[in-house]
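Two complexes come next, and they have one chain in common, chain A, joined by chain B in the first and chain C in the second.
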Partner chain A sequence: MAMAATELEYRVELLNRMVASCHDKCSAKPYKEGVLSVGESSCVDRCAAKYWQVVAIVGQLLGSAK
Partner chain B sequence: MSVARIAVQQHYCQAGACPLQSCNCIPSDLRQKRDIRNYLQRNQQQLATMNFPVEAMADLPEEHKASFLQQLEHMQVRDSLRLYNALVERCFKDCVSDFRSKNLAKDEEKCVQKCCEKFMNVSARTGMRFQEFFTEMEKQAAEAAKQASKKR
Partner chain C sequence: MQMPTYDLMMQEDMMNNCGVKSAIAGVMGGALGVAFGVFTASLDTQGIDAAPMGETKPTRQVLKETWMLMKEKSKSYAKGFAGMGFLYSGTECMIEKYRAKHDNWNATLAGCATGGLMAAPGGPKAMCFGCASFAAFSTAIEYFTGGH
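The block that comes next holds the complex of A and B.
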């Protein structure tokens, strides 16, 4: 039960950090408009994909280091 | 208790589906099940945005579900407040730099609006991709587990 709550917290935290990172990397500043342009949209997609790969690699390395 | 109330209770209690709060005919765990089911149905959309595994909830034993749902509500409140703070700080840092006046300039105000809109759009899109990847990852993990158990 406690594991499920911890797992859920981890997922929420992961999502929040992914959103923050992709926003920092992909949004054009100074803010021209609120709607995402085509370039920004594809940037966000690729950012999410790469973030997942990093999650997998780090998970592997941490697992093997133990 | 009024006559009408007693009549309703008797009628529904025979069917085992009393809607009244004070009904003693339904065992408490079944009533809790109904309440939990209703809660999940009502908040399905909000839970989906949080990437909450609604299907996994079905496996938990009954007495844990209620406390889990309470915890979940607390988490949702905490998360929305955290988002509020983070967004305010982000947009302030990015947009406000002119301290010659006490009030926000027109362009700073517009910038903050665009900043919020953009962050919400990025958040929605990232959430979508997150959900896709997570379900794919779970599928792969399930397949790997299956193959591992087959080999044994």
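The block that comes next holds the complex of A and C.
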């Protein structure tokens, strides 16, 4: 049960970091409007996909390094 | 602030679709072209209300001929503006999606593509000139109407 709680915490932390990183990289500063434009949403798509891919690769490496 | 609902996200997705955007721009360009045609026809009547000396042309005929002129001009302007709006909006959306950046260069590149494509019947020199002029125009418009 404690393992599940820790796993959930890790997942939330992962999501928060992904959001922070992609928001940092993709939103055009200064903010001119409150809606994601076409380019920004395509950037966010790509950023999230890359982030997940990196997480998967690093997880595999960590798993196989044991 | 709240998390966006599913409906809102679907709506945004639909608006971010390049096909939808270009179709909307084409329709609005057509409407603008119609307004422009009506306005131009009323400015330059091309001698419709002229008549030989001493007579007056019957009003009904003047109105009919004016209506035909307005229809003609509206159609030609509407085609031009609709095509331009469609091309510009489509290329800008595609370029912005590809670059994944939101700045003023999208307007410049889309303007160049639109101007070049629309001047294509005139040959390569006309294409270069059209590209440069339309790119400058659309960059200026983007800058002055709250660009980045």
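The rule is simple: the second predicted complex is superposed on the first by the 66 of 66 C-alpha atoms of A that agree within 3 Å, B and C clash if a C-alpha of one lies under 4 Å from a C-alpha of the other, contacts with A are read in each partner's own complex, and residues count from 1 in each chain.
One rule holds in what follows: contacts are C-beta pairs under 8 Å (C-beta built on N, C-alpha and C of every residue); 3 or more make two chains touch, one makes a residue touch a chain.
Just so it is clear, the structure is predicted and the values come from calculations on it, not from any experiment.
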item	value
Chain B versus chain C as contact partner of A:C26, first or second or both or neither	both
First, second, both or neither for A:V38, with chain B first and chain C second	second
Superposed model, chain A: greater residue contact from chain B or chain C	B
Footprint overlap on chain A, where chain B in one structure and chain C in the other make contact	26, 32, 35-36, 40-41
Contact footprint of chain C on chain A as seen in their complex	26, 28, 32, 35-43, 46
Contact footprint of chain A on chain C as seen in their complex	12, 16, 18, 21, 93, 96-103, 106, 146, 148
Partner chain A, residues of chain B touching it in the complex	50-53, 56, 60, 64, 68, 71-72, 75, 79, 82-83, 86, 90, 94-95, 111, 113-119, 121-123, 125-127, 129-130, 133-134, 137
Chain A to chain B touching residues, read off their complex	1, 4-5, 8-9, 11-12, 14-16, 18-20, 22-23, 26-27, 29-36, 40-41, 44-45, 47-49, 52
